[in-house]
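Heads up, the next two complexes both have subunit A, just with different partners, subunit B and then subunit C.
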Partner chain A sequence: MDVVVTIRQTGILRGNPILTADEKSVDITKLKRHINEWDQYALEEALRIKERKEAGITVVSVGDKKTEDAIYYCLAAGVNEGILIETEPSKYLDSWQIASLLARVVSERPYDLVFSGVQSEDEGCAEVGAILARMLDIPLSSTVIGIKSLIEGGTIEIQNELEEGFYHIRTLELPALITIQTGINQPRYVSSLRLRNTKKKRKITKVSPESLGINMMELDCKKMPKRLFIPEFGSAKLELIDGASSNEKANSLLGRLYDRGVL
Partner chain B sequence: MEEEYIEEIKQEIIEATSKCRICMSCYADCPLQESTRGYVTQGPTGITKAIYYGILWDTLAGKDAEELRDIVYACTTCGACVARCEKSACGIKVVDVIEAGRKLLVEKMIGPLPDQIKVLESLDQEGNPYDELADKRTKWLESIDKEDAKQVKVLQDSDTVENLLFVGCTSSYDRDLVNIPGSIVKAFNKLKIDYGILNDEKCCGDPALRLGEVGLFEDFSEQNTERFKNVKAKRVINICPHGYHTFKNNYADFPSDLEVMHYTEFLAQQIDVGTLTIKTKLNQKVTYHDPCYLGKRNNSYEAPRKILNNIAGDNFVEMKRNRADSLCCGGGGGRMFVEVEEVDRLSETRVRHALEAGAEIIVTACPWCHIQLSDGIKTSGNENKIIVKDMAHLLADCI
Partner chain C sequence: MTNEMILTLIEHRNNEIREVSWELLAAAENFCSQFSLAMATVMLGHDCDSLINEVAKRASILYYLESEQLKYYSCDRYCYVLESLIKKLEPRIIVLPHTIQGMEIGAYLAAGLKVPYLPDCLDLAFESGSWQGIRELYGGKVKGEFLSSSSDTLIISLRPGTFDYFDAGNPEGEILKESIDLNTKKFMSRFIELIQPQPGDVDITKFDIVVGVGRGLGDKEKIGLFEQFADALGGTLAASRPVVDMGWLPRERQVGQSGKTVKPKLYIACGISGASQHLIGMKGAKTIVGINADPNAPIFNVADFGIVGDIFEVIPPMIEAIKSKTS
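On to the complex of A and B.
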């Protein structure tokens, strides 16, 4: 069984973040980084499958050179292969662009399952997994909190989270993509010694968008942020938006956001 | 290399544990026996034998491994078992075996306990176990007496000093405990000694080592050793007994000419030579709780008592269990960061011991013991009967 895990390396935000010069994103080159929390659970879920069944795991990530650290961590944890699609440092990529790059790598290899974290800590869009499933043309189930059964070459039965403690049980035909929710498992800890040894012994496969036949200039960014800014502390005022209906309140909020140039 | 290292740890454990005659002498001295009535761990012998059979029967995976992890990480590493084995049995360094077991579990990706993972990540990223910002470490100086704070030399890269005060993570960041470094600084200022603190102090590495994360501990050990060499101090004076123990016993390349002292040892010495005089005597009944990493692990029992005898005189009363027989507060060995299931909380039992001795104040000299005992007072409903004070705090009021 072949399992692909897509991961993202995110900056650890403490205090006010530093923005990129174009004010489109947080400059993560100035931050300490780790593997996006949701992806840590996705990785652990894949590792647990490997421990129960004959399985090979490939981790794929889009990011700058420093993203290697996240991939080495995955290799040290027990992943078989790590692929980095190397992009420019701090360049803003939206979910569509990231999914397009991931899809190109994933579609060119055998896979039965693709795991992604539900969302990333920084953008919080919860889109990449869904877009990737569409691009790969495979079934998707999101916000998965449990895997009930997995039959190689057959199906996967999962629980996905609904509100107020309810959940669905669904059966998906393989290959399928599922997005993993935090709390599904307890991610393991990879020691410094293990990580050091892995960096000495193992190699990461690095590819560029160009080598995948993708011209980044032509790859549409469908959701470019207009401008990021850090709110000034102390200047904020609380205003309760009143209205007779939800519609009226929403319109009132929209008007205020337009007035302030946010939208 | 990884496999060789794991094999070495296994051999170390098997060799040491094979000597155990299962006489169970250590069982009666173990605080886990006191707090859990022996359930799950069966005391030090139970823990070491669990590791031994875990290796022998190759059960270092799955559910069995998780159960083994919970047993191995229950230990407070207080050292009571080591003293008992030395005295009554075959002298096995039981805590070393348990710590080796933790190293093995970490390398096999079984340990530490889930709540302790965040601690290791914080140590790696910020140099402290509390997820506090590294650059806020000296912020405690803003919370103490302004005149005292002004006299603290904050050492930059090339600065040197005679006495290096190592504040430690808990005293630096815990807002309720800033009076500990504040009081020590007050005493040092009165003594007019040449002292300073590091501008970039990091954890001593104790939590990493006790949890079995050797690689991370080695990073702290190398960085701190290098920094100490640059400062060219005669002695490093520790607020926390865990730093004191770790520098003294666990650093591979610690400068041989750098003396390691706990602040109680340094201040007791100053009382001895007459440079520190007690002006006000304490009128309340006080007792002293021996921190394990000062007492049982390093036999430093008399310096704190010298200070207490000077400031409290006849008002200093001993608990029934004191010195080497002292009961652990339950905070060592990485347990500060997790909720451990106990039938009787060690901290509450220790508060009861203090009340039985007739004390109104429990004095201790370890920030973690301070936190544990304060919690023990609250959870046992004794807030109106007794309080906890650090030795430094008590002393600063009397000089």
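On to the complex of A and C.
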């Protein structure tokens, strides 16, 4: 069984966001990066299939050279092959462009299942998986929180999460694409020693869009950022409780809550 | 050539119109007057007569596409049926809710029709020949204006909880019912079951005071402190998604889009950054307190009172002060 996992490396935003000079994206060159949280769960779910069945796992990502770190992490975690579709650093790519690049690589290989994370921490569009499924013309189910059964050459039965505590159970014929929701598993920990050893021993398959026959200048996009901005802090009604110590802040807050009659 | 019409998809589940559908109708009405477009709605389902009458009281035209195979939502069937309706009607804008169902339909449908899609938007404008959606990035820490690649057909999904529902008092709308035969088409998915929400050990929606804990908790062992806090207040303990994903509290305690919606008198968010999925579930609380070490945390955008600080330093003296006051 062949499983493809699509991953994205995202910047970890703590503190004040810094925008690029053209104000079209967040400058992630100064941020630490990691594998997008949802994709970590997708990776783990694929690894668990490999532990139960004879399966080969390929990870594919679109990103700049630094994305290699994310792919080495996947190799260290146990995937068989890691493919980086290398694009220019800090270049904005919309979901349609990312899905087009992924589709080109995935469609040229054997696959039974494609796993994507539900959404990314940065853009939060929740669309790459669905566009990719449509481009590959395979069935899709999103926000999957459990795999009930998996029959090679047959079907996958999944439980997917809806709002307010409802769930659906459905089967999809293979090959299929599912997007993985956080909480489906507990992603494993990969030690830095293991990661270092992997970087010494293993190789990443690197491809350029051109080598896939895609000219980035001509690749369609469906939406583009006009301008990003940092929203103003706090609501109009917000009262910030200040104080010299945590103790003082705590008592001051309680006082305000008693005054308002909510305690 | 597109028709000058906005087509809004009505979402329903478990024989109820979902609240977000009414919000969408209000938003679509707004867009219609702003962009001089006509309003139409579409609903897919089976045996939904009482629901379509409810919708028709609010919408001037309702396309009701009916088939036994549309009784429960499935992406492939919904998109297949919607695609042919959209090709027939050629609406200028298709409005969807950015719900789990809506986000799946939006991207899949847009990819099939090869039209622009602006997901999870807070508002829509038309600027120098392009549609422009406002959306949040990085869980609300950044906002952006995004342009569609063409000015023709647009699919947009709107964030639930963003638009206030109002009753425009429309006259009885026209229902255009069509039975669709889907039996000749082969679909690659099969519906098995709709699982109903489980009650759990405690109903967090019944409490006047709710203490919510988030990722800032850092460690399961620290839950006890917040249980004490909730007890001292006479309230209950709830959580944002990451806490539940880690298995630190059961799923029934989760507040947010996929969990419960609470509207207590007081909600105290401890170490919760305030992702939109969480805010949907608690922003109806009468008084909201946010305690977070990160001054950029979006929780402060909905809070009445805020403390920028370490929850482990702020909560213990609060517990002591409440106890000494009540004893």
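Convention: the second predicted complex is superposed on the first by the 230 of 263 C-alpha atoms of A that agree within 3 Å, B and C clash if a C-alpha of one lies under 4 Å from a C-alpha of the other, contacts with A are read in each partner's own complex, and residues count from 1 in each chain.
The definition used in the following text is that contacts are C-beta pairs under 8 Å (C-beta built on N, C-alpha and C of every residue); 3 or more make two chains touch, one makes a residue touch a chain.
Since we're looking at a predicted model, the values are computed, not measured.
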- Query: Of the two partner chains, subunit B (first) and subunit C (second), which one does A:Ala77 touch, if any: first, second, both, or neither?
  - Reply: first
- Message: Which partner chains sit in contact with A:Pro231 here, subunit B, subunit C, both or neither? Use first/second/both/neither.
- Response: second
- Message: Just checking: does A:Gly15 make contact with subunit B only, subunit C only, both, or neither of them? Give me first, second, both or neither.
- Response: both
- Please work out whether A:Val207 is in contact with subunit B alone, subunit C alone, both, or neither, and reply first, second, both or neither. neither
- Examine A:Ala133 and indicate which partner it touches, taking first as subunit B and second as subunit C; both and neither are also allowed. second
- Which of the two partners, first being subunit B and second being subunit C, lies in contact with A:Lys32: first, second, both, or neither? first
- Item | subunit B versus subunit C as contact partner of A:Ser191, first or second or both or neither | first
- Could you look at A:Met216 and tell me whether it touches subunit B, subunit C, both or neither (first, second, both, neither)? neither
- Query: With both structures placed on chain A, which of the two partners, subunit B or subunit C, ends up touching more residues of subunit A?
  - Reply: C
- Message: From the superposed pair, tell me which subunit A residues show up as contacts to subunit B and also as contacts to subunit C.
- Response: 14-15, 186
- Message: Which residues of subunit A touch subunit B once you look at their complex with the stated criterion?
- Response: 12, 14-15, 32, 34, 51, 77-78, 186-197
- Going by the contact rule at the top, pick out the subunit C residues touching subunit A in the complex. 13-14, 18, 72-76, 98-101, 103-104, 106-108, 110-112, 115-120, 127, 132-133, 135-149, 187-198, 209, 233, 241-242, 244-247, 251-252, 257-261, 265-266, 286-287, 289, 294-296, 300-310, 313-315, 317-318, 321-322, 325
- subunit A residues touching subunit C - in the complex, by the definition given at the top: 13-17, 19, 26, 95-96, 99, 121-131, 133-135, 138-143, 157, 159-173, 176, 182-183, 186, 220-231, 233-235, 237-241, 246-247, 249-251, 253-254, 256-257, 260, 262-263
- Message: Which residues of subunit B touch subunit A once you look at their complex with the stated criterion?
- Response: 1-2, 5, 61-62, 106-107, 109-112, 114, 117, 120-121, 124-125, 133, 213-216, 218-219
